[in-house]
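Okay, so chain A shows up in both of these, paired with chain B first and chain C after.
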Partner chain A sequence: MRRAVLRYTGAALLAAWVLFPMYLLTIGAFSVQSAIYHYPRDILPSLSWGTMRFFLDSQGVPTALGRSVIVAAITAAASAALGIPAGYALARYRFRGRDAYRVTIVSTRAFPVVVLSIPLAVFALQWGSYDTVWAVAFMHTALTLPFVVLISSSVLTAVPADLEEAAQVFGCSRPAAFARVTLPLAIPGLAAAGGFALLMSYNEVFAASVLTLERPTLPAFVLNALTSSPEPYKYAAAWLLMVPTFVFIFFIRRYILGVGRAR
Partner chain B sequence: MASVSAPASQRRPVTPSARPRARHRGWTPYLLLAPSVAFLAVFFIAPLVQGIELAFTSTSGQYGLATFHSMLNDPGFLSALTDTLIMLAIVLPVQLVLAMAMALLVSSRPKGSGFWLYVYMLPLGVSELTSGIVWYSVFTQQGWLNSILTSLGVIHAPVIWLSYSNSLLIIATIVVAEAWRSTSIIVIILVGGLDAIPREYLEAADVFYASPWRKFWHVTLPLLRPALRTALILRTVLAFEVFATVIALAGGSLSVLATKANNAYTQFQEPHLAAAYGVLIMALSVLATAIFLAGLPVREERLP
Partner chain C sequence: MADIVIRAVRKTFDRGRVTAVDSVDLTVADGELFVLLGPSGCGKTTLLRMIAGLEAADRGTIMIGDREVTTLPPRKRDLAMVFQNYAVFPHLTVEQNIAFGLRMKGDAGATEIKEKVRQAAELVDLGGLLGRRPAQLSGGQQQRVAVARALAVSPAVLLMDEPLSNLDALLRLKFRSDLKRIVHELGTTVIYVTHDQVEALSLADRMAVMREGRIVQAGPPLEVYDHPASTFVGGFLGSPPMNFLPVAIDGAVSPGPRSPDAACPDDGPRAMVGPRGDSFPAPEAMRGWCGRELLAGIRGENMDVLSERAPGAVAGKVLVVEPLGAQTLVTVASEDTEVKVLTAPGYTAPPGRDVWLRPAPDKVRWYDPDSGAELTSP
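Up next, the complex of A and B:
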């Protein structure tokens, strides 16, 4: 009994450590502007939409937000299109080079985005794709692809291969068996893999800041404006960048654990 | 492995029994891997090679170490390097303890463990820029920390946490921001590792009346070694990339290697110098990986 109490207290304290700063940011973004500049700040201020409206109406913010969404969507689609077949191959086949591929794809994350995005910016300048959503989205795809492969491989491993084989016994071709039997069972997990890529892309700052100039994504835009922007503006921006996590993590949390399980 | 729809926390033990079938001789798996391999060749291998080449050529196009030479003579290079390493040396153990506590709590599966897991994973979708701004709002002179301390009567005048003259204090705030944001990736890996520990091992320890502490120290921790190693490697690599948090908290008063790289490119238009910083970060990441691999050897035959 005492141990249970101790455990819940610990869990609650750790949760407070995560949630309380999020609460502070939220009231920073939604309190009356004068409350931000009042000292000491009130932890239960009167709320208003003023700061958020001011931020959303600022020059460049709506387009940057739109661009972020487009980049994230391309990233999710591209990394799913490339990563799910690879995840399927890892989950269903044993072949020469399987482990080598696995090790390679995991170790790509050992190479910092810093070393990749700068030459990519130089390439993009030469190809005339600098400062476009494509350059950023493809860089993000390279970053998220390993995670999508690992998650989708763990999701597809969990769907029994027997089901697929049974469908083949009854006359389905292998692709049809995949589409009719495995896919419907795996779709939540595969969508989670795509959602994870979407979330990572929406939050990525370094590559986005190096690969764009006039047409930044939201994080890059906020970063460029950081030193010259007033505090309420910063808080509104940070809140807008933070809020998707509440929705996405809810739907993808159990599938992300696949990253930790992959051996 | 259990069915897809079973909540992750209910799968236990996870045995590696779901191995793929017999060796396949056809082309199908290779065709399935080909798109991702081709993509990574263009967007990973090519920039990597080009990045190394950029770093080893001078602005005039000659091969050599000239760029590295100018990097070493860059004012603030040394402090950026030491500050990066100090930050890393503090944040890693802090995160490891936090993540271990979170992972053990989640996998001991109290009521509502799904909720705790959700909360602990939330920062996974928070950008490092957001994290920097969140903690800026806490540590800035008229910020939350000073407000709360003043309201409680602990201090009478605001403390300057983000002082230009005290780099260790700024590093401490960066450590807090990093510990807050990026612990969740370690939690994920550790929960995966804990799930893979067969229950019988802990039950065997129970038979001998082992205390919870001894069970953790002699059973859980050794079996968790592979997961710990993966987590440490991934976190170290990612910690070298932190830069927006540093800009949000420190402005220009403190640099890490990644902010140096970013400034070299975006402010000074020096891709060679930026690439040299990138190569240095990569070398440090590889070195750290090698140290963890050697320092935490995993003996496969001793794992379940």
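Up next, the complex of A and C:
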């Protein structure tokens, strides 16, 4: 009983620690612009679309947002196309170096991307892809791929192998067995993996800043404009970049928590 | 309908370090219900999966009917399988599950499929549940779906991998007799894998006992039960397992130390138990083992429990009496051996009581104490 109280109190504090700034961000983004400069801040202000509209109508924001969406879509598609087969192999086959492979995938995330900034820019320039959505999407795919591989591997592990074997006995080839049995059962989890890649790309700022100049994605654009923009603009930008991600993660959390579970 | 001929099939795992199936030869006749019995890890499931095509044989050939199927994928082998965990597709209804194989074959029209699904469902008592999803079914019902799915395709060969092991005891009993009736009605060739010796005895037309990747004995179940080819089979098959009494084949009927070269008397060899000279008659064929130590294999139901010394009976002390309802299981210590005897219901005796066990002479089997192999003649 006491332990339960302690646990829930801790959880509530932790949640408040994360959610209170989110709340301030939200009321900042959805109240009239002048309210932001008002102190003390109203906890329950009158809501307004003004700030958000002001941000979305700003010079360059709509195109940057569009570019972000395109980059995120390419990233999600590419990392799903590459990552799901790899996840399938990890889920279904026992092969030499399987564990090493898994660790290698995770450890790529430990690599500081910052030290890659100059080589990245140089490569992109050499390939003639600098300042294009393709260069950014390519780099984002590299960043999201480990997550897609691990999430889809855990999702596919959860689909019993004997279902696929039954499908093979009852007339399916291997690909058909995957398509008719495993895929329909795994599709929510695989969609979550793709969505995760989509949002990581949508939020990513570093590679996007390094690889673009004239045609940035939204985070890169906002980062550039940050010092020279008014407070309401920052609130609206931060809200638009953060909140969709939080909401999405909330809905797919069980797939991400499944990743660490050993087979 | 087809027979199955397996020749010198072998399978290793972990790059040859673990031998799962070691050169197995097996012939299953058309329409036969054949049971593969063995303890876990004996290779029976691996053998079944090789027949199914879910595992590739390292060596050997597998024929189904007139076709060699050794390298064919499962879908081209004209067989169906019932899996241990049912493997019913959770995203499909019962009807779609049963129709799965027929749909994939693609040579039946929608009405024909519907009719076949109805028939298969009827066969296993699933008529009213066709619209349900597997999640809404009990384990027993899911297993029926798995069986109906397999029967619906009218396979030449039906493979079953411990299909009853996840059901509770009562359901298992019912399902066992249903299954035997259904497959005999259909005349399908069935290979049935189990570690449960009761299942094997009750279902099989013929059976094989496997151990460490090899078939150690094959035959009709009662023949295997009556004549275990080795102490392993005798100990694995039967509940309680066969008793193995160390005996010496000898001519000395009177108590006292035995001489190793004593000749068997003219009135027949005897099996001596222990130093006190209790003995029971051995068949004439055992004359060649005179003076040798052997194991006498005696089933629990093939011994009488006597309360007084009698000719052909061996002394012992009651350790425990367990009433089983239809019979009573008595554990008796005779010399250093614990002997399990099945006797009439209602038998009682306090622990420690002296009893004498009299084996039915024609039911005693003889085994080499070193190799464990059955001895028939020298």
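Quick note on the criterion: the second predicted complex is superposed on the first by the 247 of 263 C-alpha atoms of A that agree within 3 Å, B and C clash if a C-alpha of one lies under 4 Å from a C-alpha of the other, contacts with A are read in each partner's own complex, and residues count from 1 in each chain.
The working rule: contacts are C-beta pairs under 8 Å (C-beta built on N, C-alpha and C of every residue); 3 or more make two chains touch, one makes a residue touch a chain.
All values reported here derive from a predicted model rather than from experimental measurement.
Per the definitions stated earlier, placing chain B and chain C onto a shared chain A by superposition produces no clash, and the two fit side by side. Of the two partner chains placed by superposition, only chain C is touched by A:C172; chain B is not.
Of the two partner chains placed around the shared chain by superposition, chain B is the only one that A:L257 touches, whereas chain C remains out of contact. Using the contact criterion defined above for the overlaid structures, shared-chain residue A:L185 touches chain B and also reaches chain C. Once the two complexes are laid over each other on the shared chain, residue contacts for A:F246 go to chain B alone; chain C is not touched. Comparing chain B with chain C, more residues of chain A are touched by B. Put simply, the three-chain overlay gives an angle of 90° at chain A, taking C-alpha centres for chain B and chain C and rounding to the nearest 10.
By the touch criterion stated above, A:L120 is placed in contact with chain B alone, chain C being left untouched. Looking at the shared chain after the overlay, A:A73 reaches neither chain B nor chain C. Fitting both structures onto chain A leaves chain B and chain C with a minimum C-alpha separation of 6 Å. Residue overlap on chain A between the chain B contacts of one complex and the chain C contacts of the other covers 174, 185.
Residue ranges of chain C in contact with chain A, taken from their complex: 52-54, 73-75, 79-81, 83-85, 87, 89-91, 100-101, 103-105, 149, 153.
Residues of chain A that touch chain B in their complex: 4, 7-8, 10-11, 14-15, 17-19, 21-22, 24-25, 28, 37, 39-43, 78, 81-83, 85-86, 88-98, 101, 105, 108-123, 138-139, 141-142, 145, 149, 155, 157-159, 161, 174, 185-186, 188-189, 199, 202-206, 209-210, 219, 222-223, 226-227, 231, 234-235, 237-238, 241-242, 244-246, 248-250, 253-263.
The touching residues of chain B, counted against chain A in their complex, run 1-5, 7-9, 14, 16, 18-25, 28-30, 32-33, 35-37, 39-40, 43-44, 46-48, 50-54, 98, 101-102, 105, 108, 110, 114, 116-130, 133-138, 140, 142-144, 146-148, 150-151, 158, 180, 188-193, 195-196, 226-227, 230, 233-234, 237, 240-241, 243-244, 247-248, 251, 257-258, 261-262, 265-266, 271, 274-275, 277-279, 281-282, 285-286, 289. The part of chain A that touches chain C in the complex is made up of residues 160, 162-163, 165-174, 176, 181, 184-185.
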